[in-house]
Amino acid sequence: MIIGKVVGYVVSTRKCDNLVGNKFMIVQPIENMNAGEKIVAVDKVGAGVGELVLVATGSAARIGCGMTNAPIDAAIVGIVDEGQKID
Amino acid sequence: MIIGKVVGYVVSTRKCDNLVGNKFMIVQPIENMNAGEKIVAVDKVGAGVGELVLVATGSAARIGCGMTNAPIDAAIVGIVDEGQKID
Amino acid sequence: MIIGKVVGYVVSTRKCDNLVGNKFMIVQPIENMNAGEKIVAVDKVGAGVGELVLVATGSAARIGCGMTNAPIDAAIVGIVDEGQKID
Amino acid sequence: MIIGKVVGYVVSTRKCDNLVGNKFMIVQPIENMNAGEKIVAVDKVGAGVGELVLVATGSAARIGCGMTNAPIDAAIVGIVDEGQKID
Amino acid sequence: MIIGKVVGYVVSTRKCDNLVGNKFMIVQPIENMNAGEKIVAVDKVGAGVGELVLVATGSAARIGCGMTNAPIDAAIVGIVDEGQKID
(Lines give C-alpha, C1' and ligand atoms only; values in the text may rest on other atoms or scores of the structure.)
Protein backbone atom coordinates (compact mmCIF):
# COMPACT_ATOMS: atom_id res chain seq x y z
CA MET A 1 0.00 0.00 0.00
CA ILE A 2 1.04 3.58 -0.21
CA ILE A 3 0.16 6.63 1.86
CA GLY A 4 -1.24 9.64 0.06
CA LYS A 5 -3.34 12.73 0.51
CA VAL A 6 -6.77 13.08 -1.06
CA VAL A 7 -6.54 16.18 -3.24
CA GLY A 8 -9.74 16.04 -5.25
CA TYR A 9 -12.16 13.82 -7.09
CA VAL A 10 -13.26 13.14 -10.61
CA VAL A 11 -16.78 12.81 -12.02
CA SER A 12 -17.55 10.39 -14.84
CA THR A 13 -21.14 10.10 -16.01
CA ARG A 14 -20.43 7.80 -18.95
CA LYS A 15 -18.70 4.81 -17.43
CA CYS A 16 -18.79 1.02 -17.21
CA ASP A 17 -21.98 -0.21 -15.53
CA ASN A 18 -20.13 -1.95 -12.73
CA LEU A 19 -18.48 1.30 -11.68
CA VAL A 20 -21.79 3.02 -10.90
CA GLY A 21 -22.10 4.17 -7.30
CA ASN A 22 -18.39 4.59 -6.63
CA LYS A 23 -16.53 7.78 -5.72
CA PHE A 24 -13.29 8.37 -7.61
CA MET A 25 -10.81 10.29 -5.48
CA ILE A 26 -7.54 11.75 -6.70
CA VAL A 27 -4.71 10.82 -4.34
CA GLN A 28 -1.28 12.42 -4.24
CA PRO A 29 1.28 10.02 -2.71
CA ILE A 30 3.27 11.66 0.08
CA GLU A 31 6.90 12.52 -0.54
CA ASN A 32 9.33 9.60 -0.71
CA MET A 33 6.45 7.14 -1.07
CA ASN A 34 6.66 4.64 -3.91
CA ALA A 35 4.14 5.44 -6.65
CA GLY A 36 5.38 8.77 -7.84
CA GLU A 37 2.50 10.79 -9.13
CA LYS A 38 -1.24 11.05 -8.59
CA ILE A 39 -3.59 8.12 -8.92
CA VAL A 40 -7.38 7.79 -9.01
CA ALA A 41 -8.69 5.47 -6.28
CA VAL A 42 -12.19 4.33 -5.37
CA ASP A 43 -13.09 5.37 -1.83
CA LYS A 44 -14.24 2.56 0.47
CA VAL A 45 -13.93 4.30 3.85
CA GLY A 46 -15.50 7.73 3.51
CA ALA A 47 -12.30 9.72 3.02
CA GLY A 48 -12.49 13.46 2.52
CA VAL A 49 -10.32 15.90 0.63
CA GLY A 50 -7.23 16.72 2.68
CA GLU A 51 -7.08 13.46 4.60
CA LEU A 52 -4.08 11.12 4.61
CA VAL A 53 -5.12 7.68 3.41
CA LEU A 54 -3.85 4.16 2.73
CA VAL A 55 -4.29 3.11 -0.90
CA ALA A 56 -4.16 -0.50 -2.10
CA THR A 57 -3.48 -1.15 -5.77
CA GLY A 58 -3.82 -3.99 -8.24
CA SER A 59 -6.12 -6.96 -7.74
CA ALA A 60 -6.16 -6.18 -4.00
CA ALA A 61 -8.33 -3.14 -4.71
CA ARG A 62 -10.94 -5.22 -6.52
CA ILE A 63 -10.96 -8.48 -4.61
CA GLY A 64 -10.14 -7.08 -1.19
CA CYS A 65 -12.95 -4.56 -1.37
CA GLY A 66 -15.79 -6.79 -2.54
CA MET A 67 -15.75 -5.42 -6.08
CA THR A 68 -14.33 -8.51 -7.75
CA ASN A 69 -15.96 -7.86 -11.10
CA ALA A 70 -15.41 -4.11 -11.34
CA PRO A 71 -12.60 -2.49 -13.35
CA ILE A 72 -10.94 -0.97 -10.31
CA ASP A 73 -7.17 -1.03 -9.78
CA ALA A 74 -6.81 1.26 -6.75
CA ALA A 75 -8.88 1.78 -3.61
CA ILE A 76 -8.66 3.87 -0.46
CA VAL A 77 -8.79 1.22 2.28
CA GLY A 78 -7.91 3.18 5.41
CA ILE A 79 -7.58 6.66 6.82
CA VAL A 80 -4.31 7.41 8.61
CA ASP A 81 -4.92 8.53 12.20
CA GLU A 82 -4.51 12.25 12.76
CA GLY A 83 -1.39 13.61 14.37
CA GLN A 84 0.68 10.69 13.25
CA LYS A 85 4.23 11.35 12.12
CA ILE A 86 5.03 9.32 9.02
CA ASP A 87 8.72 8.40 9.05
CA MET B 1 -6.97 4.22 -12.29
CA ILE B 2 -5.32 7.08 -14.09
CA ILE B 3 -6.71 9.99 -16.06
CA GLY B 4 -5.47 10.49 -19.59
CA LYS B 5 -6.34 11.99 -22.92
CA VAL B 6 -7.10 9.84 -25.95
CA VAL B 7 -4.55 10.89 -28.56
CA GLY B 8 -4.96 8.26 -31.25
CA TYR B 9 -5.54 4.61 -31.97
CA VAL B 10 -3.66 1.67 -33.36
CA VAL B 11 -4.76 -0.91 -35.93
CA SER B 12 -3.63 -4.52 -35.72
CA THR B 13 -4.95 -6.96 -38.29
CA ARG B 14 -2.81 -9.90 -37.21
CA LYS B 15 -3.67 -10.37 -33.56
CA CYS B 16 -4.79 -12.94 -31.00
CA ASP B 17 -8.27 -14.28 -31.78
CA ASN B 18 -9.73 -13.12 -28.48
CA LEU B 19 -8.76 -9.52 -29.24
CA VAL B 20 -10.94 -9.34 -32.36
CA GLY B 21 -13.60 -6.66 -32.20
CA ASN B 22 -11.79 -4.36 -29.79
CA LYS B 23 -10.62 -0.79 -30.42
CA PHE B 24 -7.10 -0.01 -29.23
CA MET B 25 -6.79 3.62 -28.19
CA ILE B 26 -3.55 5.41 -27.36
CA VAL B 27 -3.88 7.32 -24.10
CA GLN B 28 -1.51 10.01 -22.84
CA PRO B 29 -1.73 10.31 -19.03
CA ILE B 30 -2.28 13.90 -17.92
CA GLU B 31 0.56 15.74 -16.25
CA ASN B 32 1.45 14.65 -12.71
CA MET B 33 -0.58 11.47 -13.11
CA ASN B 34 1.11 8.23 -12.20
CA ALA B 35 1.91 6.15 -15.30
CA GLY B 36 4.34 8.36 -17.07
CA GLU B 37 4.08 7.78 -20.77
CA LYS B 38 1.50 6.62 -23.27
CA ILE B 39 -0.35 3.34 -22.98
CA VAL B 40 -2.63 1.40 -25.31
CA ALA B 41 -6.06 0.73 -23.78
CA VAL B 42 -9.11 -1.10 -25.06
CA ASP B 43 -12.12 1.22 -25.25
CA LYS B 44 -15.24 0.03 -23.40
CA VAL B 45 -17.22 3.28 -23.29
CA GLY B 46 -17.10 4.81 -26.75
CA ALA B 47 -14.32 7.33 -26.10
CA GLY B 48 -13.17 9.60 -28.91
CA VAL B 49 -9.84 11.19 -29.67
CA GLY B 50 -9.38 14.29 -27.53
CA GLU B 51 -11.54 13.13 -24.61
CA LEU B 52 -10.29 12.81 -21.04
CA VAL B 53 -10.81 9.28 -19.80
CA LEU B 54 -10.36 6.98 -16.81
CA VAL B 55 -8.10 4.02 -17.54
CA ALA B 56 -7.95 0.87 -15.41
CA THR B 57 -4.89 -1.33 -15.67
CA GLY B 58 -3.87 -4.87 -14.77
CA SER B 59 -6.34 -7.68 -14.15
CA ALA B 60 -9.04 -5.06 -13.53
CA ALA B 61 -9.07 -4.28 -17.25
CA ARG B 62 -9.74 -7.89 -18.17
CA ILE B 63 -11.98 -9.12 -15.41
CA GLY B 64 -13.78 -5.87 -14.69
CA CYS B 65 -14.72 -5.44 -18.34
CA GLY B 66 -16.06 -8.91 -19.10
CA MET B 67 -12.99 -9.91 -21.12
CA THR B 68 -11.61 -12.40 -18.63
CA ASN B 69 -9.87 -14.52 -21.22
CA ALA B 70 -8.47 -11.79 -23.46
CA PRO B 71 -4.85 -10.55 -23.29
CA ILE B 72 -5.83 -7.04 -22.23
CA ASP B 73 -4.00 -5.13 -19.50
CA ALA B 74 -5.56 -1.66 -19.83
CA ALA B 75 -9.08 -0.45 -20.58
CA ILE B 76 -10.88 2.87 -20.84
CA VAL B 77 -13.66 2.49 -18.28
CA GLY B 78 -15.08 6.01 -18.00
CA ILE B 79 -15.14 9.40 -19.68
CA VAL B 80 -14.36 12.36 -17.44
CA ASP B 81 -17.23 14.90 -17.45
CA GLU B 82 -16.53 17.99 -19.51
CA GLY B 83 -15.57 21.23 -17.82
CA GLN B 84 -14.15 19.45 -14.83
CA LYS B 85 -11.00 20.84 -13.27
CA ILE B 86 -8.64 18.02 -12.34
CA ASP B 87 -6.69 19.00 -9.23
CA MET C 1 -0.71 -2.75 -23.67
CA ILE C 2 2.32 -1.04 -25.07
CA ILE C 3 3.69 -0.72 -28.57
CA GLY C 4 7.25 -1.80 -29.18
CA LYS C 5 9.65 -3.01 -31.84
CA VAL C 6 10.99 -6.53 -31.87
CA VAL C 7 14.77 -6.15 -31.69
CA GLY C 8 15.95 -9.68 -31.06
CA TYR C 9 15.30 -12.91 -29.21
CA VAL C 10 16.79 -14.94 -26.43
CA VAL C 11 17.47 -18.67 -26.26
CA SER C 12 17.14 -20.60 -23.02
CA THR C 13 17.72 -24.34 -23.08
CA ARG C 14 17.49 -24.85 -19.32
CA LYS C 15 14.07 -23.50 -18.40
CA CYS C 16 10.82 -24.35 -16.62
CA ASP C 17 9.01 -27.25 -18.30
CA ASN C 18 5.91 -25.23 -19.00
CA LEU C 19 7.92 -22.71 -21.02
CA VAL C 20 9.05 -25.29 -23.58
CA GLY C 21 7.98 -24.47 -27.13
CA ASN C 22 7.76 -20.71 -26.69
CA LYS C 23 9.77 -18.05 -28.49
CA PHE C 24 11.17 -15.29 -26.29
CA MET C 25 11.41 -12.04 -28.19
CA ILE C 26 13.15 -8.89 -26.96
CA VAL C 27 10.91 -5.86 -27.44
CA GLN C 28 12.00 -2.23 -27.26
CA PRO C 29 9.03 0.03 -26.40
CA ILE C 30 8.69 2.93 -28.84
CA GLU C 31 9.57 6.40 -27.65
CA ASN C 32 7.13 8.02 -25.21
CA MET C 33 5.47 4.67 -24.54
CA ASN C 34 5.01 3.66 -20.93
CA ALA C 35 7.35 0.81 -19.99
CA GLY C 36 10.69 2.43 -20.40
CA GLU C 37 13.23 -0.17 -21.35
CA LYS C 38 13.32 -3.53 -23.10
CA ILE C 39 11.21 -6.47 -22.04
CA VAL C 40 11.18 -10.14 -23.01
CA ALA C 41 7.80 -11.26 -24.36
CA VAL C 42 6.51 -14.61 -25.59
CA ASP C 43 5.40 -14.40 -29.22
CA LYS C 44 1.85 -15.57 -29.91
CA VAL C 45 1.34 -14.09 -33.39
CA GLY C 46 4.44 -14.92 -35.44
CA ALA C 47 6.19 -11.57 -35.06
CA GLY C 48 9.57 -11.04 -36.70
CA VAL C 49 12.54 -8.90 -35.79
CA GLY C 50 11.89 -5.31 -36.87
CA GLU C 51 8.11 -5.43 -36.63
CA LEU C 52 6.03 -3.11 -34.45
CA VAL C 53 3.94 -5.12 -32.02
CA LEU C 54 1.36 -4.85 -29.24
CA VAL C 55 2.58 -6.34 -25.96
CA ALA C 56 0.30 -7.29 -23.06
CA THR C 57 1.82 -7.65 -19.62
CA GLY C 58 0.91 -9.17 -16.28
CA SER C 59 -1.72 -11.88 -15.85
CA ALA C 60 -3.20 -10.89 -19.23
CA ALA C 61 -0.18 -12.43 -20.94
CA ARG C 62 -0.73 -15.79 -19.26
CA ILE C 63 -4.49 -16.08 -19.06
CA GLY C 64 -5.34 -14.18 -22.23
CA CYS C 65 -3.02 -16.34 -24.29
CA GLY C 66 -4.05 -19.79 -23.13
CA MET C 67 -0.91 -20.28 -21.04
CA THR C 68 -2.58 -20.02 -17.64
CA ASN C 69 -0.07 -22.21 -15.87
CA ALA C 70 3.13 -20.92 -17.47
CA PRO C 71 5.47 -18.37 -15.83
CA ILE C 72 4.90 -15.75 -18.51
CA ASP C 73 4.37 -12.06 -17.69
CA ALA C 74 4.52 -10.51 -21.17
CA ALA C 75 3.27 -11.62 -24.59
CA ILE C 76 3.17 -10.22 -28.10
CA VAL C 77 -0.54 -10.27 -28.90
CA GLY C 78 -0.78 -8.28 -32.12
CA ILE C 79 1.28 -6.87 -34.97
CA VAL C 80 0.73 -3.19 -35.74
CA ASP C 81 -0.37 -2.68 -39.35
CA GLU C 82 2.35 -1.36 -41.63
CA GLY C 83 2.41 2.27 -42.64
CA GLN C 84 0.55 3.35 -39.54
CA LYS C 85 1.57 6.57 -37.88
CA ILE C 86 1.62 6.16 -34.11
CA ASP C 87 0.63 9.44 -32.50
CA MET D 1 10.53 -9.59 -3.76
CA ILE D 2 12.59 -6.70 -2.61
CA ILE D 3 14.79 -6.16 0.42
CA GLY D 4 14.07 -3.17 2.60
CA LYS D 5 14.49 -1.79 6.08
CA VAL D 6 11.52 -1.29 8.39
CA VAL D 7 11.57 2.41 9.26
CA GLY D 8 8.23 2.89 10.98
CA TYR D 9 4.58 2.00 11.02
CA VAL D 10 1.26 3.63 10.37
CA VAL D 11 -1.94 3.52 12.41
CA SER D 12 -5.34 3.55 10.76
CA THR D 13 -8.41 3.27 12.97
CA ARG D 14 -10.95 3.80 10.21
CA LYS D 15 -10.22 1.08 7.69
CA CYS D 16 -11.77 -1.74 5.70
CA ASP D 17 -13.13 -4.48 7.98
CA ASN D 18 -10.91 -7.16 6.49
CA LEU D 19 -7.79 -5.18 7.38
CA VAL D 20 -8.50 -5.28 11.12
CA GLY D 21 -5.77 -6.96 13.14
CA ASN D 22 -2.91 -6.24 10.75
CA LYS D 23 0.21 -4.17 11.41
CA PHE D 24 1.15 -1.73 8.66
CA MET D 25 4.90 -1.24 8.51
CA ILE D 26 6.70 1.38 6.44
CA VAL D 27 9.56 -0.18 4.52
CA GLN D 28 12.39 1.68 2.80
CA PRO D 29 13.90 -0.44 0.00
CA ILE D 30 17.69 -0.68 0.29
CA GLU D 31 19.82 1.17 -2.20
CA ASN D 32 19.87 -0.20 -5.75
CA MET D 33 16.83 -2.35 -5.05
CA ASN D 34 13.97 -2.14 -7.50
CA ALA D 35 10.97 -0.34 -6.00
CA GLY D 36 12.38 3.09 -5.47
CA GLU D 37 10.67 4.71 -2.54
CA LYS D 38 8.90 3.63 0.64
CA ILE D 39 5.99 1.25 0.68
CA VAL D 40 3.51 0.18 3.36
CA ALA D 41 3.53 -3.58 3.95
CA VAL D 42 1.54 -5.82 6.26
CA ASP D 43 3.82 -7.67 8.66
CA LYS D 44 3.45 -11.48 8.69
CA VAL D 45 6.65 -12.45 10.50
CA GLY D 46 6.99 -10.18 13.52
CA ALA D 47 9.44 -7.70 12.03
CA GLY D 48 10.65 -4.77 14.13
CA VAL D 49 11.76 -1.27 13.22
CA GLY D 50 15.34 -1.36 11.96
CA GLU D 51 15.28 -4.91 10.64
CA LEU D 52 16.06 -5.85 7.03
CA VAL D 53 13.12 -7.71 5.52
CA LEU D 54 11.89 -9.43 2.37
CA VAL D 55 8.73 -7.81 0.96
CA ALA D 56 6.42 -9.51 -1.54
CA THR D 57 4.09 -7.34 -3.58
CA GLY D 58 0.98 -7.75 -5.71
CA SER D 59 -1.37 -10.73 -5.46
CA ALA D 60 1.45 -12.70 -3.81
CA ALA D 61 1.00 -10.58 -0.67
CA ARG D 62 -2.68 -11.44 -0.41
CA ILE D 63 -2.85 -15.02 -1.61
CA GLY D 64 0.54 -16.15 -0.38
CA CYS D 65 -0.14 -14.91 3.12
CA GLY D 66 -3.61 -16.36 3.68
CA MET D 67 -5.36 -13.02 3.30
CA THR D 68 -6.98 -13.74 -0.04
CA ASN D 69 -9.92 -11.42 0.51
CA ALA D 70 -8.11 -8.48 2.12
CA PRO D 71 -7.06 -5.34 0.24
CA ILE D 72 -3.35 -5.92 0.78
CA ASP D 73 -0.76 -5.44 -1.97
CA ALA D 74 2.48 -5.77 -0.01
CA ALA D 75 3.58 -8.00 2.86
CA ILE D 76 6.73 -8.61 4.87
CA VAL D 77 7.32 -12.33 4.34
CA GLY D 78 10.81 -12.86 5.75
CA ILE D 79 13.49 -11.30 7.92
CA VAL D 80 16.96 -11.19 6.42
CA ASP D 81 19.48 -12.97 8.64
CA GLU D 82 21.73 -10.65 10.61
CA GLY D 83 25.28 -10.03 9.50
CA GLN D 84 24.51 -10.85 5.90
CA LYS D 85 26.17 -8.79 3.21
CA ILE D 86 23.68 -7.94 0.47
CA ASP D 87 25.52 -7.79 -2.84
CA MET E 1 10.10 -11.28 -18.41
CA ILE E 2 13.39 -9.55 -17.98
CA ILE E 3 16.97 -10.70 -18.39
CA GLY E 4 19.32 -10.24 -15.48
CA LYS E 5 22.50 -11.52 -13.92
CA VAL E 6 22.49 -13.43 -10.66
CA VAL E 7 24.72 -11.40 -8.33
CA GLY E 8 24.09 -13.00 -4.97
CA TYR E 9 21.54 -14.52 -2.65
CA VAL E 10 19.83 -13.73 0.59
CA VAL E 11 19.22 -15.94 3.62
CA SER E 12 16.09 -15.62 5.71
CA THR E 13 15.59 -18.01 8.59
CA ARG E 14 12.47 -16.38 9.98
CA LYS E 15 10.03 -16.41 7.07
CA CYS E 16 6.52 -17.43 6.06
CA ASP E 17 6.03 -21.19 6.27
CA ASN E 18 5.18 -21.55 2.60
CA LEU E 19 8.52 -20.03 1.61
CA VAL E 20 10.55 -22.78 3.28
CA GLY E 21 12.81 -24.66 0.89
CA ASN E 22 13.24 -21.89 -1.65
CA LYS E 23 16.46 -20.16 -2.66
CA PHE E 24 16.26 -16.36 -2.88
CA MET E 25 18.62 -15.04 -5.52
CA ILE E 26 19.47 -11.38 -6.08
CA VAL E 27 19.22 -10.50 -9.76
CA GLN E 28 20.58 -7.38 -11.41
CA PRO E 29 18.68 -6.62 -14.64
CA ILE E 30 21.03 -6.09 -17.59
CA GLU E 31 21.47 -2.61 -18.96
CA ASN E 32 18.52 -1.16 -20.89
CA MET E 33 16.22 -3.87 -19.54
CA ASN E 34 12.95 -2.74 -18.02
CA ALA E 35 12.96 -3.20 -14.23
CA GLY E 36 15.67 -0.82 -13.22
CA GLU E 37 17.30 -2.06 -10.10
CA LYS E 38 17.90 -5.37 -8.34
CA ILE E 39 15.13 -7.77 -7.43
CA VAL E 40 14.97 -10.90 -5.29
CA ALA E 41 13.71 -13.93 -7.23
CA VAL E 42 13.09 -17.53 -6.24
CA ASP E 43 15.25 -19.91 -8.26
CA LYS E 44 13.37 -22.67 -10.08
CA VAL E 45 16.08 -23.82 -12.51
CA GLY E 46 19.29 -24.18 -10.54
CA ALA E 47 20.86 -20.86 -11.50
CA GLY E 48 24.25 -19.93 -10.13
CA VAL E 49 25.86 -16.62 -9.30
CA GLY E 50 27.15 -14.98 -12.47
CA GLU E 51 24.66 -16.60 -14.85
CA LEU E 52 22.30 -14.65 -17.10
CA VAL E 53 18.71 -15.62 -16.38
CA LEU E 54 15.11 -14.99 -17.39
CA VAL E 55 12.98 -13.66 -14.53
CA ALA E 56 9.17 -13.71 -14.50
CA THR E 57 7.36 -11.36 -12.15
CA GLY E 58 3.89 -10.96 -10.68
CA SER E 59 1.34 -13.76 -10.48
CA ALA E 60 3.28 -15.59 -13.22
CA ALA E 61 6.03 -16.32 -10.70
CA ARG E 62 3.62 -17.99 -8.29
CA ILE E 63 1.15 -19.72 -10.54
CA GLY E 64 3.51 -20.53 -13.38
CA CYS E 65 5.98 -22.19 -11.04
CA GLY E 66 3.65 -24.40 -9.04
CA MET E 67 3.81 -22.21 -5.94
CA THR E 68 0.29 -20.85 -6.16
CA ASN E 69 -0.08 -20.29 -2.44
CA ALA E 70 3.36 -18.89 -1.67
CA PRO E 71 4.11 -15.16 -1.30
CA ILE E 72 6.44 -15.05 -4.29
CA ASP E 73 6.36 -12.25 -6.86
CA ALA E 74 9.48 -13.05 -8.92
CA ALA E 75 11.08 -16.29 -10.10
CA ILE E 76 14.04 -17.33 -12.21
CA VAL E 77 12.41 -19.44 -14.92
CA GLY E 78 15.20 -19.94 -17.44
CA ILE E 79 18.96 -19.67 -17.91
CA VAL E 80 20.08 -17.75 -20.99
CA ASP E 81 22.29 -19.91 -23.21
CA GLU E 82 25.99 -19.07 -23.00
CA GLY E 83 27.64 -17.05 -25.72
CA GLN E 84 24.42 -15.39 -26.70
CA LYS E 85 24.53 -11.75 -27.67
CA ILE E 86 21.58 -9.89 -26.15
CA ASP E 87 20.54 -7.10 -28.52
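Chains here go by letter, A, B, C, D and E, matching the order in which they are written, and residues are numbered from 1 within each.
Quick note on the criterion: a residue touches a chain if its C-beta (ideal position, glycine included) is under 8 Å from a C-beta of that chain, and two chains touch if they have at least 3 such contacts.
This structure is a prediction, so every number in the text was calculated from the model and none was measured.
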item	value
Shortest contact path, subunit A to subunit C, counted in steps	2
Touching both subunit B and subunit C (chains)	none
Averaged-CA centre spacing for the pair subunit D and subunit C, given as whole angstrom	31
Where subunit A and subunit D are represented by their mean Cα positions, the distance between them in whole Å	19
Multi-chain contact residues (two or more partners), subunit A	35-36, 58-59, 61
Ring topology as an ordered chain list, initiated at subunit A and continued via subunit B	A, B, C, E, D
Residue ranges of subunit E in contact with subunit D within the complex	7-8, 10-16, 18-19, 24, 26, 29, 35-41, 58-59, 61-62, 68-74
Interface residues, subunit D side, partner subunit E - complex	1-3, 32-36, 44-46, 54, 56-61, 63-65, 75, 77-81, 84, 86-87
